[in-house]
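Just below sit the structures, each encoded as structure tokens.
Two complexes come next, and they have one chain in common, subunit A, joined by subunit B in the first and subunit C in the second.
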Partner chain A sequence: MTRSMRMVVLVIGVAFVGTALVWAALYMPGFGGDWHPYRDHAAAAALAHATANVVSSVNFDQRALDTFGEESILLGAVVGVAVLLRPVEGERRRKPKNTGHVLDSTRLLVVLAAPVALILGIDVVAHGAITPGGGFQGGVILATGLHLLYVGGRYSAFDRLRPLGLFSQAESIGVIAFAAIAASGLAAGGAWLANFVQHGTLAQLASSGTVPLLSGAVGLAVTGSMVVLVAHFLEQRLLVWPPRSEESASAKGDEGEERI
Partner chain B sequence: MTVYPYVVAAVILLLGVIGIARSRNLVHAVVCLAVAQSATYVLLISIGYQHGGVAPIFSSSSTAPKHMVDPVMQALTLTDIVVSATVTSLLLALTIQIAKQHDTVDPDELRSLRG
Partner chain C sequence: MSLLIMIALALVLVGAAITVFTTDPAKQAVVLSIYGFLLAVLFMVMQAPDVALSQIAIGAAVLPLIVVLTVRKVETVRAAKRKQKQ
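Moving on, here comes the complex of A and B:
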């Protein structure tokens, strides 16, 4: 298909889908209305299990099975990226060059912000059942806090500070812990992912049964997978790609050698 | 204007699709896909919104959940964001591999290379 032909198809498709979407929007429940049947049921179910944060209740209690699937998707993505970014034939790794310049103000900001980000991440994971947050959000904050060290320093130093094996283990342990809690629900509560732990008092740290446990497991898995994912991409920066073919090698040869 | 947010979601989706179709760089196409997917965040949050609604978090059991925005939609949006992040990372990894194998990230050139 030529480019102009593709544009014709695009215009027809966009016009058709756009019309259909606007037409569908006209028959949607009005924006901002008070008819939310799912909300009413989810809120009642969250109250029954003493979970203050209804979103966490949906994610880690009422529909925890979906979250398990989501965590598996995350694991699958990490495995997929690892497979896709494996070294190809003729690829070499060069030593990281320590020539970059980091501003002192950047360093200072990183020194101040990294511990805050780590504490905030732990806080968001731990309080997922009672305040906004949970395993996914907290895990991403934790991984971000770690990578602040990369922004404020050298890659080689960051590479030594970050035990990658530990993070891939953290990821697996997170997924296994989720499955173990789910199976414990089967043993103690009679159903996969049953909320079998004492529910406690609403809005207390140790409330809502298995929700904080599952949230912690997800936080561990998300931190691990984010760190491993970013590590794969950062590592690509250090790879010297193999020469393509005769023509491209001769055309770009000098420039390529220069970069190494 | 009770349909306005839904139309915004539709426009974001179509802008993303147009970007993918017109793309001359696979990284650009991946980002456009992320834009298209972010339309679903707008749509889900719009569906769950209620005028004067509060965050779906109880402070004590006496609080009646009458004016609460829909937590199910927020949970779905969270799932959506996670899936979007994984898809983006996988596609970017694919793009790196394509760049290594074919020395180009232009979708049009890729086709001519493969014949």
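Moving on, here comes the complex of A and C:
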């Protein structure tokens, strides 16, 4: 595509989106008004299923199908990254250098923050139905907390602390569990993703039926996908460039490198 | 519109401008992380804690990390190619 052709496509796109945005803005209700028909219906529906966090009720109960779609998108994105970031032919993996220097203050901060982040992540996943948060947020916090160990230490040590196969499985199990709960709704409640579990008391940990179960499944899937996703990017750092061609292969020493 | 929302909106606007006009991708990743945090503050002020949590986890940590790792990789490939030409 030539430069002028790209400009034509850009102008058409900007004109179309710009017109649509201005048109939408003209008919929007004023900022901070008190007319919120969607909120009124969503809040009532959430309370009917004893869900204190209306956002979680929308995500995992009223519009749970959308969340299932997003979950599949995340899985697809991770598969895409895995395919794109695979080692090309001749690329070798070098052993991680352990010469990097980590400040003592950084190490101290990591030692203090990593356990807090992990507990916070579990807490956010578990209380998704009651307080702000849920499977997605908690899952990302869990994955981030785990990578704090990488910031504060050596890659080789971090690599041992993080069994990648386990996280890869956690990702699949999370998605399968979501689908299984959805199918159970079909069996027990007569509809895909029906909230068939007893709703319990509002604002109790075990309230709002399937919401905490689906939130937990999403938490598992998101933790797994995030760890696998970042692992692919980290792994790329260890690949030696350029890929070895036939002639240069014999000329270069390959200490500390292993062929993939 | 309350004063708090106006301040948060202004900060997001300034942060977005700085992010866009930072040309070096490695520096941009750091600015992007700060911008992600400012966005989270805006969501919090607008009473959307769920969105703020997602934003802070993804926008302030994971996304800049992926950008930094990508920049490092591109730099090593470029350096190797320059060496090959010589």
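One rule holds in what follows: the second predicted complex is superposed on the first by the 218 of 260 C-alpha atoms of A that agree within 3 Å, B and C clash if a C-alpha of one lies under 4 Å from a C-alpha of the other, contacts with A are read in each partner's own complex, and residues count from 1 in each chain.
In this text, contacts are C-beta pairs under 8 Å (C-beta built on N, C-alpha and C of every residue); 3 or more make two chains touch, one makes a residue touch a chain.
Here the structure is a predicted model, which means the values were calculated and not measured.
In the superposition on chain A, contact is made by A:Asp66 with subunit B only, not with subunit C.
By the touch criterion defined above, A:Leu74 reaches subunit B but does not reach subunit C. Contacts of A:Phe233 after superposition: both subunit B and subunit C are touched. Between subunit B and subunit C, B contacts the larger number of subunit A residues. When the two structures are aligned on the shared chain, A:Pro132 is found in touch with subunit B and with subunit C. Looking at the shared chain after the overlay, A:Val55 reaches both subunit B and subunit C.
By the touch criterion defined above, A:Asp40 lies against subunit B but remains apart from subunit C after alignment on the C-alpha atoms of chain A.
In the superposition on chain A, contact of A:Ala25 is made with subunit B only, not with subunit C.
The interface of subunit A with subunit B overlaps its interface with subunit C at residues 31-32, 53, 55, 132, 134, 136-137, 229, 233, 236, 241-242.
Of all residues in subunit A, those touching subunit B in their complex are 3, 6-7, 10, 13-14, 17-18, 21-22, 24-26, 28-34, 36, 38-40, 42-44, 46-47, 52-55, 57-59, 63, 66-67, 70, 73-74, 76-77, 80-81, 84-85, 88, 91, 130-132, 134, 136-137, 202-203, 229, 232-233, 236, 241-242, 244, 248. Within the complex, the subunit B residues that touch subunit A are 1-7, 10, 13-14, 17-18, 21-22, 46-51, 55-61, 65, 67-75, 78-79, 81-83, 86-87, 89-90, 92-94, 96-97, 100-101, 103, 108. Those residues of subunit C lying in contact with subunit A across their complex are 1, 49-50, 52-54, 57-58, 61-62, 65-66, 69-70, 72-73, 76-77, 80-81, 84. Partner subunit C is touched in their complex by these residues of subunit A: 31-32, 53, 55-56, 124, 132-134, 136-137, 140-141, 143-144, 147, 226, 229-230, 233-234, 236-237, 241-242.
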